[in-house]
Amino acid sequence: MPHISVRNMSVAYGDREALRNVTVDIPDGQITAIIGPSGCGKTTLLKSLNRLIDLYDIVTVEGQVLIDGVNIYDPHVDMLALRKKVGFLSQRPYPLPMSIFDNIAFGPRIHRMEPEQIARQISELEAHAPVDGLLPPQESQREEQGEEDQMARLVECYLRLAVLWDEVRDRLRAPASSLSIGQQQRLALARALAVEPEVILADEPTSALDPISSRLIEKQFKLLKRKYTIVLVTHILRQARRLADYVVFLYLGELVEHGPAERFFSAPQDDRTRAYISGEFS
Amino acid sequence: MIRRRTVDSISAALMRFAVIFANALAFLIGIVLVVKACPILAQKSPLQLLFGSTWYPLRGQFGLLPFLVGTVAVTLVAMVLSIPVCLLSAIYLSEYARQRVRSLVMPIVDVLAGIPSVVYGLWGVIVIVPLVRSVGQSLGSDTTGYSLLAGGLVLSVMVVPVIVSVSTEVMRAVPVELRESTIALGATRWETARYVVLRAAHRGIFAAIILGFARAFGETLAVLMVVGNVARIPVSVFDPVYPLPALIANKYGEMMSLPLYDSALMLVALILLVVAACFIVGARLTLRRLGRTA
Amino acid sequence: MKWRRIEEAFVKALMFASMGLVAICLTSILLVIVIRGAGALSFSMLVETPKGGYYLGKSGGIANAIVGSAYLALGGTVLAFALSLPIAFAVQQEYAGRRVASFTRLALDVLWGTPSIVYGAFGFVIMVWMGIRACLLGGILVLALLMMPIMARTFEEVIRMVPRELKEASYAMGATRWETTWAIVARQAVPGIVTGVMLAFGRGIGDAASLLFTAGYSDRIPHSLFDPVASLPLAVFFQIGTPIPEVQQRAYASALVLLIIVLLISLGSRFIGKRFARFAIR
């Protein structure tokens, strides 16, 4: 059963409709790309998956988003747990006004993760590591280490996972704002991963980055999909072709077409899809 | 064509004059006060003046310590009472309230800012002084109500608008995406405010507090009306005090009657000018550097 | 997990308590002044001057204070305006270099932060030096000095906000600095200028400390610039201290009149600002 189901989702900001009656299932363990021209509701759809749209001033939401069978728009739902489950990467990285170390430790700290929990998380990570050799060598006396050391190991793990460890290992206490924008985005990735989500949402994560940093992020996404479900908004068709396993096409707030990437790009059903893919409009 | 250029040049010259005037005025006030304060500084050492605790102009004693302590005490009480209330309100307005609520509340805060200090003083006499008297007497003190606490209470309400409006503005300036990123990690709004927004805005908030402090320091009339005006160093908050501005306000009539009296009062004015100016300039420079023109 | 929610609920309660406290104080101030002042207010109170004796005069009204404050505040506003507008224009880019502009802004900040009693002391010294006694002229001059930094800063901020492109359009047509300033900048900034004037006026009419030794006090309406003049704030201050109830009534009436004037100005400046904003280009 798919992890995430969107059912009859309609969102309006004031009297401006952003999403109209969108119904789609997001497949598990794959990279889903939400594509479409600007202003067509891609970011709204993405942000509705972790109720980030709640932050907007005047917003009306109808419909349901079911994650593991639970409608997240139910007023009784535990928002904090939900947001821990669903991580978010924004377009421009916004490092928290703290050191690099604290940026990553922030999530685990506010969720009050106990040292045993952290140790368990690390060992799970190592057991199911997306790529071998990416994680620090195992140490035998892990359980006896104090909380601070556990946190340090955690930070190191996620920095490695985001391919940032080598660049920052000797300045973990430096302010995060001193990093370049490409590094900041990888930091944001590590930060989002550190709370152990099951889903990663990314809103045009490479549009503000240079080509090299972009490629690094894309490479990581390809590796991370083994463990996480990734939903990615992009307006770069080529990026969607490169990364997506599943594609969702939004146009003017409406869900026009969706399907497995191969079939979507080679044999689009709708005229609008065909026009968009061939570059008639963007 | 020539006429147009002439008009332009003349107006530019007038502008230059205006600029010189503005700058000169700031210096002029300082210089005039220094000149008038010189006589007493020549006769008495600054230490005698600042730390002397006897104020008896008839005998040539101009110890300013009770007044200095009084001013600092009443300002501190006002800040201690005001800062938590202001910060909590500002956090609510910035992080929790909808735009509609904000645009309703901010004008009300401005109204509070516009109320003349005499009106605050009158309110203080009618409401606060009896309140302090009953509380104080129930705690065993023999206070009349005219006290340090009354002055601090009235002053704390007077500085609320400054601190709240500047703090809220500074916090609103923190980019919304930063809040989004933090909430997306699963933080509550309070955790976002406390660990992220406050940290990002802390310099501006500090500047707001300094502005409030400076306003409290120089406030004359409202405090004067409720504070008792007794030149003693206070032992409890229920004791009366005599702040520096009140000293000038009360004694200006007698200024010319005794030697050095006017010079002493001008010295007090100079102290007020220097302290207030330092604080305000410091705070404004900080705010400007943050890109806010508050 | 529960603790975090409890913490937030607790803090929210504190926030509401804080705001409630402020609201209570404001309400208390308004109520007290309105109730006591309304009891004292009557037509004769507004148009008569106090009769017989300085503080002991039993009958009469506060016309001296109302008219006096009007003279003082209007005179001060006009004078301050004449000084502030040129200053505000003069610190703009086309007239002043960067260093001069920031130095002047700093000087204006110092003047803005100077306590009003210091202005009073300064004014007093100058007046003694010039051989003038406390009178209307002295009060007007000191108020003008007090109001000038407020006006100049407000003007300066709105003038600075005039978009550069607008000014460029004017220069491109061959206009001089002066012509551009008048035709475009002034017109764009009118709402802000009006607001600034009203703000300063409100401050001027409510200030007492600066008038203490420069304007004097009188039971009569001044006939010349060199007569002493009463003002509403000083009327409150002097008359509340007496034991005679009739005189105290005058103090309450003065306070109410003052409060009404200040509230009207506050509301009025917002309203007028919005009206005039029609002409401005966003």
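By written order: A, B and C. Residues from 1 in each chain.
In this text, contacts are C-beta pairs under 8 Å (C-beta built on N, C-alpha and C of every residue); 3 or more make two chains touch, one makes a residue touch a chain.
Quick caveat, the model's predicted, so the values are computed rather than measured.
Enquirer: If you take the mean of the Cα atoms for each chain, which one ends up farthest from subunit C?
Expert: Centroid comparison gives A as the farthest chain from subunit C.
Enquirer: Mind having a look at which chain is the central one, using mean CA positions?
Expert: Taking the mean of C-alpha atoms per chain, the most central one is B.
Enquirer: Can you tell me which chain pair comes out on top for contact count?
Expert: Highest contact count belongs to chains B-C.
Enquirer: Between subunit A and subunit B, what's the gap in Å when you average each chain's C-alpha atoms?
Expert: 48
Enquirer: Between subunit B and subunit C, what is the gap in Å from one C-alpha centre to the other?
Expert: Taking the mean C-alpha position of each chain, the two centres sit 17 Å apart.
Enquirer: Suppose each chain is reduced to the average of its Cα coordinates; what separation in Å results between subunit A and subunit C?
Expert: 54
Enquirer: Among the residues of subunit A, which ones contact at least 2 other chains?
Expert: 80-81, 110
Enquirer: For subunit C, what residues touch not just one other chain but two or more?
Expert: Counting only residues that touch two or more other chains, subunit C contributes 4-5.
Enquirer: What are the residue numbers in subunit B that touch two or more other chains?
Expert: Residue numbers touching two or more other chains: 188, 191.
Enquirer: Residue numbers of subunit B touching subunit C in their complex, please.
Expert: 4-5, 7-8, 11-12, 14-19, 21-23, 25-27, 29, 32-33, 36, 84-86, 88-89, 91-92, 96, 107-108, 110-112, 114-123, 125-127, 157, 160, 164, 188-191, 214, 217-221, 225, 245, 248-249, 252, 265-266, 269, 272-273, 276-277, 279-281, 284-285, 293
Enquirer: Please output the residues of subunit C touching subunit B within their complex, sorted ascending.
Expert: 4-5, 7-8, 11-12, 14-19, 21-22, 25-26, 28-29, 32-33, 36, 83, 86-87, 89-91, 95-96, 100, 103-104, 106-122, 124-126, 145, 148, 152, 157, 176-179, 181, 199, 202-203, 205-209, 212-213, 232-234, 236-237, 240, 251-252, 255, 258-259, 262-263, 265-266, 270
Enquirer: Note which residues of subunit A are touching subunit B in the complex, please.
Expert: My answer: residues 50, 52, 55, 57, 79-84, 86-88, 90, 92, 94, 96-98, 106-107, 110-111, 188, 191-192, 195, 201.
Enquirer: Along subunit B, where are the residues that touch subunit A in the complex?
Expert: It comes out as residues 98-99, 175-188, 191, 195-196, 199-200.
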